[in-house]
Structure formats: structure tokens, C-alpha cells
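In what follows, chain A forms one complex with chain B and a second complex with chain C.
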Partner chain A sequence: MKKNHHALKRNLTGYLFITPQLFFFCLFLVYPIFEGIRLSLYKINYQGMSFIGLENYKALFSNPVFMKATVNTIIFVIAIVALTVVFALFVASAIFDKNAKYVSFIRGSYYIPVMVSMVVMSMIWSFLLNPANGLIPFLARELELPVVNFLGDKNLVLPVVIFVTFATNVGQAIILYIAAMIGVPKELFEAAEIDGANRRQVILKILVPSVKPITLYIIIINIIAVLKIFVVIQLLTGGGPNNASTTLMYFLYNNAFKYNQLGIASAVGVIMFIIALLLSIPQLRAMFKK
Partner chain B sequence: MFKKSLLTMLGFILIISLLAACSEDNATEGSDESENGKDTVELSLWLTPQWKGVLDGSEEGADYDSFFKHAAERFSEEYDEYNVKINVEVIAGDQRDEMLNVNLNGGTPPDMFFESVFAMGDYAHRGALVPLNDIVDDEAKGDIAENYWDTVTFGDDIYFYPFSHMPGTLVYNADMLKASGLESYVGGEDEIKTWTLDEYEEILQGLKEGIPTDQYSNAFPMGLFALNNQADTWNLAYLRMFGNEFFDENGNLIVDDENGAKAAAWLKKIYDEGLTNPGAESVSSNDVNAMFQNQQLGISFTNSVLYNNLKTDMENGTINEFDARLANIPSESGDPLSFTYVTGTAVFDTGDETRIKVSKDFVKFFSSDPDLVKSSKNGVPVRTSVADLYKDENPLFAAYDQNAQYMFSFTGNVPGYSELRQVLYPELQALYIGDKTPEEVVADYQKKGNEVIEKSKADSVIFNQ
Partner chain C sequence: MFRRKNKRKRDKYDVIANVIVIFFALLSLFPLYWLITSSFKNSADVVKMPPDWFPTTFNINNYIDVFSNQPALKWAMNSVVVSLVATIALIIVSSLAAYAFSKLQFRGKNIIFIIFISSLMVPKEVLIVPLYRIVDNLGMVNTLHGMIWPNVATAFGVFLLKGFFDSIPDSLRESARMDGASEFKTFIKIMLPLVKPGIGALFILYFVQVWNDYVWQLVIGQDEGVKTLMVGTATLMQDLNPNFAYKMAGATVAAIPLLVIFIFFQRYFTRGLTMGAEKG
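Take a look at the complex of A and B:
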């Protein structure tokens, strides 16, 4: 007991230093989570709120648009995360041991879209793909090629959104992978070379296992980011056609800010939180295993 | 030891100052006493883009907030009870509900909002607005026709002070029609041309086959859009083309009948035949409006303010000049389909009696001051006195007046109209991409729409008074 007291006293300055951050962390992150859970159990309108138990959740699970949004979100998460990891691994492993200037050039090229706002990117894509006055359909018409409405075809709209989001975000993963790969001890590669391993074997047997922690990190941050996918939907497709590209975040936004259904929106938020948690737990466990 | 104590102290001071900053009392915001002994009241007025300038768009530096800034300036000078500062903010139309919902839920609604009544009716049903009965006097009742008061009355109370109205019509590129060999269908410059449905289809076919591509690159006969709820009133009008009444006497949707399905089938037909721009399911009304301005469409949608802005932009050289004229939305019966947006100001229940009182006084001031109400000529004035004053300057006022007999109420003043709007466009998207048949579209729209109306009736303070 005395020892604990002594340790506490010794660390008091440290605790005091983190107190402001902890205070704001609790105020702006922890409290809203609990408040969101509480609100999801209420029916809220301008005049007041009334407790309705799990009615909001029941309403959600019987709403086909919500189910569609859930399926779409899961498709986005799986496709974008898989594409990002595979493509970033491919690019990073192809260039990490090349000339430093060349590496910088590639790194910069892929990182530029990450720095550009998602709003700007979505508007540029909208300008390219708009079926009535977009550049690509215009050129297709001029060249008398068959015109496809990429944003209005329910089978194409998901791949288009996946591609746009992937193309915008992949730079981040490439940067992280290159940094991690440069840090892999050279001895391993030299030993592999002496043993006669080819490039493919070096990548698969040495490089990929060596950067596993980074892979896990990239998977987690991308899962969380893609779960919240919103801007590209709002600006490019508006959730359409006929809700074919609606996501959970877009559904939440519509309920919260357009239909003023705060209880329903909070319930969607809670469900998204649970999905993010469930998807992240295996990765987090693997990460902290060592 | 001293250093440690100092650090501990500094840490505490930091936390206390942060907490103090967070809990700063906001109760005095909006009103305090100034040098001349009068209290100062700070108000906010929001509006969506309407007309530019005080009296018209040709003024130097004309912008969407010019009129209200000018009115606020005059009000501040002339009002003797308080010093008044009014902050005017222009909000994008498609951001209106988001902005209002966030601010209402956060307890910081604007004091006033100038907007089309149809888009704001929900806020009256939700109990967020205060009635304005006490600022409407006999002079106003005498000068503004009964049907406008009906539009702004919810239950027994008036919630909006009507200012002007904006009749919705079609607009066509007369030059393009002429270039396509369709001179005979072109109406007069100051006329709102009425075509029969057969004539309308002939025009669309004529444009499809006749638009000279060397003059008009990438052009289509008619603008069609269903990306979101913006300008959905035209889509609602198209659904009435074959005689559907839309709402029954109880305010429920009745679009699911033979006429409703026929209208949906007609939209699908013109879309499939290439008589409209392609990709209507992912094209917005903004896109269509821009395409019309770029002379990529023969026929598009417009209202009186949009049309005036188009003319002004042509005069300013912002867009290339062409001959844009008005036409009615045709119907199978031959009678045109006509509707109007009444625009006016609502006062929000901020809970602060002083601010509500001064807001009401300001609304009454700019909605009845003989000079300021002249600005309503940018739409169509709701005041007979102003319409009479400008009828020679704007011959279209007479044409709009002529249309009034065909007017339909597109909202039915039903509760939940904002959410009801969100139900229509996904159904139209399903129609255009072939996901649903016209019959399924009107049936699903009616079912989902009536659920929204039912739910909103239960929450409406007006229905449950």
C-alpha cells in the first residue's frame, strides 16, 4: 500500500500532464459514445424525447434500405481493404530497394491524392463520369462507343465507388509499407540471396512476414475509415441509383440531418461501433500478442 | 522540489483555465446595453439563394444577401426599442435541412428564415416556429390574396409572412427550336406557351432528330433528373400529367392508380427513347440547369427567380446569350399544370422573448414597408399593390396571373413533407434504371410516402393540438 502511494506520488506530475488530454478525451470521445447508446433507446423530436427501448433497432432491422446499406458497407470494407493491402504491398515491395530518388518519386506520386480533399476528388470524378455532361460519356458519344452510366448502373456503381476510394487512399498504405520494408534487416536478404531465393520467394517469405504488424495496422485503420465512407457517396452517387450505393454512414447522416430521426441515427451509430469493434478485435489481439 | 511544485501548480492552472473557458456564460449573448442606453439585440437571418441585389440584379455588387442587409440597415436606423444587429447568412438550398436540424438540436436555431414555404412547413408541424398572427394586420390581409394566406397557414395559425411567389414552369431555348425546324411551336417572348401533350412529344422528337450538332454539341431535347430531391416539384408535376390528384382529402397519397402509373410510364418512355438527357437517375437539377444555360438542352425547368437570374446572367455576359422563353408543363387533358412556391419568412422559437419580438417586428417591417416590398418583383409579388406597380415593366406577371387558375398545391400541407421528398427520387431512379415497373414505382411511392405522413401526423404539434 505504502509502495503504491509512493509510486502514485512519484508519477503525479506525469498524470497531471495527461489530465487535460484525458479530460477532453472523455468529454469528446467517451461521453458521446455513451450518450449515443442512450439516445438510441429514445424517440426524439423537437418537443422532447421518450424512452422506447429497442424499438429503433427493431425498425432498423425491418428497413430494407438499412439492410442494403449494411451489405454495401461490408462489401466496401472487404473490397477496399483487400485492394489497398494487396496493391500497396505490390508497389512497396517492387520499389523499396531501388534508388532513393526513384522511391521518393513513386511515394510522392501515390501520396498526392491522399493530400487532396476527398470533396475535390469526388467532384473531379463527378465531372468525369456525369452521364449527361461528363467528360468520359461525352468522349464515348463522340467516338460512337456504347455509353455506360457508371454512376447510374446498380451493378457498376459499387465498383466505381470502390475504385475511387481505393485510388484516393492507397498512398497512405504505400508510404507505411515502404518505410517498414526499408527497416527490414539487410542480412535477411543477403542470406536469402546466398541460399538462392528468387525475388518472389524473398517477398513472400521474408518481406511480407516482416511487415506483418504494419499490415495489421493498415487493415485496422482502413476498416475504420471505410466504415465511415460518406463524402464520395454524398457527392458522387447520392446513395443511388435506388439506394444501390447507400452506406451505413450515409444512412446515418440522412436520418440524423435530413429526416431528423436522431434515435434511429444513434442506433445506426451504435451498430457501426459494434461492427468496427468486432472487425478490429482479431487484428488488435494479433498485434498485441507479442 | 521547487521545480516539481511549480509544474504541479502550472498543471492545475492550465486545467482550471480550460474548464473556465468551456463554461463561459453564454446567457448574455444576443442582448446587452450600449452607449445610447438602449439594449442591443443581435439576430440572425438565414435565407437560401433567391434574387440578387436590393431591387434587382443589375446593381453593383448585387448578391443574394443584398436585400436583407439593406433592410436590416434601415430597420436598425428606424427601430426605437433596441439597437439591432442582424447577421444575414445565405445557406445552400440542399444544405437547409442539415443546417437547421443541427442547429435546432443544438438549441441555436436562427431567429428568422426566408425560404419557400413548402420546404419549411415541417418546422411548423414540429413546433419549432412561432405563429405570426399578431403581426399580420388588415392592410396586409387586404393586399395579399387569400390563397397565399392559405399556403402559409398551418392549423389555425399563420407561420410565414408571405413576400413573393415563384411560379414553376418549363423554359425552352427558342433558338434551338427554330434551328431544329420547330418554329411553329415557339411562343411569344412574354407568353407562357401552352402545348398539348401530343405537341410536346412532337417537339421532343423534332429536337432529337433536328438539333444541328455543329451548332449545339452534346445537346438533348429535355432535361430530366432524379439524383436527389432538388427541384422534385417538376417531377411531382409530371406525375400529375395524366390527371392524378396526388392527395386525398385526408392528406394521404393516392398516386397509385391508373393515371399515376401512366404518368410514370410516360417518363420512362421519353427517357428510353432518348428524348431526355441520359442518366437521369444520376443527374441533379443543378446539372440540368447548367446544361440548359450551356445550350445543351432544348427544354428545361425553371421558376420566375431562376428565369430572371438567367436573363440577368445573359445581360451581364456571365453566360452566352440565347432566346429563352417560358412554357407550361403539358397534360393529357390539355390544361397546363401550374404550381407556385410562396416565399416568406418564418420566426423560430428561440426561447428568448426579446429576440422573438424584435424578429417579428423586423419581419413585419421588410414584408410591409412600401419601398422594400418592391423587391418582391424579382419573383412575382404576392401584394396586389406591387404587382400592379410593375405589371407594365414585367408583362409576364399577367401571364403568371393567367396561369393561376390551373394551380395545384403540390405539398398538400402534409406533415413530414421533407421526409416525403426523400422517398420519391429513389423510386424514380428505380424506374429509369428498369429496376421497377411504372406500376410498382407508384405503388411503392404511395406505400412508403403514406407511412411517412402517418408517422409525422403522430408527431405533429398542429395535428395534436
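Take a look at the complex of A and C:
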């Protein structure tokens, strides 16, 4: 009897401690997930809402702009994540064992654009790329390149967005890799050196495999970050030219807040939610194995 | 570690790699250099080609314009209030919850924790439509409340702080409880001071995250009086004013608070980011 009472009190204390966090979590995260699924099954306009089953999803899959947005988002995710991992590994492996001041300078230089935010960086790049009076079109003219208006060219707009997003985000991966590489036991390198391995071999054979868990983490957080890519599209390209650079998040935002297609927008949200969840399964599994 | 005591010629790969790394590091600072120097040019010089690589004038009129034509000070205040309140609220609720997940025993603990952590993988932006309706029903559209409270829902704080609580030995809590301190008192007096570095990291990381929470602030804060600095400066870009120097001054105003935070708290960023990854 007394034992029961004790267990009850112990449970109650635990619940009291998590209740405030749980309250916000349920109200602004769990409930919106279910509400989003429900809304995606309705046709919603100013007059009201009517249940239409999966019609919104059917409409989406026959909508060329949605398909373009999906393909673009996939291209962005793959290209940006690959560039980020490879370049961050390259930078971190080159500097991690140098003196602390140098490491801190390099780390800071790459992290400052992350810090300053996508909004500000997009504004700067939009100025740098402005076809009339930007620095980059000026240099392109000086070098007599065939293209000057990079954002107006439907073949070049994706590479430009990929580059800008990559350059603004890679700093975070570099910080993570440097920290991980500093933690790799030094005996491993020494043994390889005695065997006559040069630095490049040591990096590829020992360092890169040793930081594999961090690579997995970086891949996941970057997939999630690129999946919702929006700011750079809104401020740099407006989704253009002719929807060539539109993304899922930009499509969702426009449907919800410009065209007032809340049902359609909710369906896009549900699809993105499912993609995010599927992509994160490897990370979650790794996390809970411990 | 590659440096041996007996001097050996430097590895060629290493030299080339570091030259490339330095080159790109400087290149990645260049846009910011261009932003700040452009903001001090006058409207003719800023679009002059070939450009002045080093500014020849130090013209602060663009800044005066940003603060007099636009309620930039009000935007900045709104950003400060939103980021500060959301971050402090998150620290309070998530430190309580992280402590419970780390040190207390209660039924359903593991399953609730798994749900919490799984939610980290879902970007809030994909829920923007239902979230907007909920916030609208609560009467919080076009208020700072609408920008603040949904940001307290994240499991990020629990995720970060649980690791710090885990590293405190259980015996410390048990002896405090033996001495008759209540659970809450143990938490406040003994445990919380021990996770100060974690709270510092969470504060910096989350403050910046909310400061940059552009999409949500754009959707919720359309009225002039509740615009935040990020949303306000982004509207400058769409402004008809053709003076780019003026726009760059606006962007600089939005960037400076974050640059200052970064310069002073760099080690917290490094630690906070790394904390998250180590458990991953």
C-alpha cells in the first residue's frame, strides 16, 4: 500500500516537471500535425470548407508546378548536402591539427555567413548578382562570358541557388567536423605514419571513417534544412524564371498565403512531413541504439 | 600530430589544401565585406562599374535614412523581445523537462522522450498552415505572442540539456533528497547551477534561431507595428527606392546584432553545436 503510494508520487513528480514543455509541444506541434492531415482532406476557401477526401493530393500530382517544385527540392537536397559534406570534410581535415588561432580564424570565416542568416545573405547575393549593376555580372562582362543575367537563365538559376545556399550553410558542418576530428585518438595517426602513409592517405583511410557518425548527423540536419529551403528562393529568384527555381516550401507558402488554397497547402505540408520523417529514420535509429 | 620532432619536409598535399582553404575562407567573407562597404557609399558610387574596391567615402546618410524612413528601431525592438522571451521561456520549460527525463523515474518516460526527439526531425515550417489557424484562433495573429509561443514547442532544448544533466552523478541528487530537500528545490538549488554551460549554449543558439525565424515572422507579423528586423529589412529589398546603398545599410543593421553575438560568444556556439552532434 505504502509502496503504491510512493510510486504514484514519483510518477506525479515526473509528470509535473514535463508538463509545461508537454503543453507547448502538444498545442503547437502535435496538434498541428493532425490538424494539417485533416485540413489536407478539405477544400477550403472564403465561404467555408467541404470534405473532398484525397482530391487535393490527386490535384497536386497532376500539377506541373508542384512536380517541378518536387524535382527542384530533390536536386537541391542532393546537390547541397553532397557539396557540404565533401567541402566541410576537406576544410576540417586540412586545419584541425593546426594551431588554435588559425583554426578559430578559418572556422569563424566560414561560420559568419551562417550566423548572419539566410535573409541578409540572400539580400547581399541579390545585389551582387543584380544584372544591371551587380558586381558579378560586371565581372562576367569583363571576362566576356556568354551569360550575364545568372538568375534570369533557367539553366543557371539552380546552380546559382545551390552555390549560394551551400556557401551560406557550410560553416556549421565545418565546426562539427573540426570538433569531431580533434577527438580522434592520436595513436591511430601515429601508427599509420610509422607505416609510411602520407597525409592524404591518413585523411582518407583513418580520419574520414572515424567521423562517420558526425557525417550521418550532418547529412540528416542538412537534408531537413534544405527540404524547407525558402528564403533564398523568395528573395533571390521569386521561384523564377518561369517556375524554374520553385521549391516545395515556396509552393506551399504561395498556395497558403497568396492564393488562399489552404487545403492544397496543407497537403503539401503533409507530404513534406512524411518525407522528413522517412529521411530521418536512420538518424533516429542510430540515436536510440545507444 | 603530423609534426614530428625530427623535421621533415612539409607534406605537399597539406600545403596546397591549406592554401585552398584560406582562399575560400576569404571568399566567404567577401559578401559581408561588400555589404558593409557598399552601405557607406553614396547612391551613385554603389552602382559604379568598375567599382571602388575600397570605399572612398564614409557616408552615413543611408543609415540615417533607414532609421528615419523606416521604423527600423521598432523592428529591432520587436526582434529582441520575440527572441528573448521565446528563448527564456524555452530554457525554463525545457530545463524542467530535461531534468525529469534524465534523473526522475516515471511511467511512460521512454516513449514520451522518443516522441520528443523524433519531432526534432520535423521542420516547423511544414506545419505552417495548421499552425497559423491555431494561432489565429488564439487571437495571436499580428501580435508578438504569435511569434513567441510556437517557438517554445520545440524539443531542441530538452535534447541539448538532457546530455548536461546526464553527466551529473545521481549521488548528488540523492544526497540532496536525503537531506530533506524537495525535488523542485533540488532541481533549482543543486542541479540547475551545474548545467549553466548547457543553458548558456542553449540561450545563444536558440536566440539566434528565433531571431532568424523569418518565414513564421513573415506570416504572423504583417502589420507595420509588429514587424521584426528580418521581415522589415527583407521588405526594403522589394522597396521601389533604387538606391542599393540604402538597402545594404538595412541589411547591415539586420546583420550587426548577430555578428556582435558571434564575436563575443563564439565558444558557446562551438560547444552547443557539438553537444547536439555528439549524442547523434
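Rule of thumb we're sticking to: the second predicted complex is superposed on the first by the 257 of 290 C-alpha atoms of A that agree within 3 Å, B and C clash if a C-alpha of one lies under 4 Å from a C-alpha of the other, contacts with A are read in each partner's own complex, and residues count from 1 in each chain.
Simple rule for what comes next: a contact is a pair of C-beta atoms (placed from the backbone, for glycine too) under 8 Å apart; a residue touches a chain by one contact, two chains touch by 3 or more.
All figures in this text were calculated on a predicted structure; none of them were measured in a lab.
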Contacts of A:Ala265 with chain B and chain C, given as first, second, both or neither: second
First, second, both or neither for A:Phe61, with chain B first and chain C second: neither
Partner chain in contact with A:Phe257 - chain B first, chain C second, else both or neither: both
Which of chain B and chain C A:Ile95 touches, first, second, both or neither: second
Contacts of A:Ser117 with chain B and chain C, given as first, second, both or neither: second
Greater chain A contact set [chain C / chain B]: C
Touching partner for A:Thr237 - first (chain B), second (chain C), both, neither: first
Partner chain in contact with A:Phe138 - chain B first, chain C second, else both or neither: both
Chain B versus chain C as contact partner of A:Ile224, first or second or both or neither: second
Intersection of chain A interface sets (partners chain B, chain C): 12-13, 17, 20, 130, 132-133, 138, 256-257, 262
Parts of chain C lying in touch with chain A, wherever the complex brings them together: 1-2, 4, 11, 13-14, 17-18, 20-22, 24-26, 28-29, 31-32, 34-35, 38, 46-47, 49-51, 92-94, 96-97, 99-101, 104-107, 109, 112, 114, 116-119, 121-134, 149-150, 152-155, 157-158, 183, 187, 208, 211-212, 214-215, 219, 230, 233-234, 237, 244, 247-248, 250-251, 254-255, 258-259, 261-262, 266, 269-270, 273-274, 277, 279-280
Of chain B, residues touching chain A in the complex: 4, 7-8, 11-12, 14-15, 18, 97-98, 101-102, 104-105, 126-128, 218, 220, 226-228, 277-284, 287-288, 290-291, 294, 296, 418-419, 422, 425-427, 429-430, 432-433, 435-436, 459, 461
Interface residues, chain A side, partner chain B - complex: 12-13, 16-17, 19-20, 23, 45-47, 130-133, 137-138, 141, 147, 149, 151-154, 237-243, 254, 256-260, 262
Chain C-facing residues of chain A, complex: 10-15, 17-18, 20-22, 24-25, 27-33, 35-36, 39, 90-91, 93-95, 97-98, 104-113, 115-121, 123-128, 130, 132-133, 135, 138, 142, 167, 171-172, 175-176, 179-180, 186, 189-190, 193, 198-200, 202, 213-214, 216-218, 220, 224-225, 227-228, 230-231, 234-235, 249, 252-253, 256-257, 262, 265-266, 269, 272-273, 276-277, 279-280, 283-284, 286-288, 290
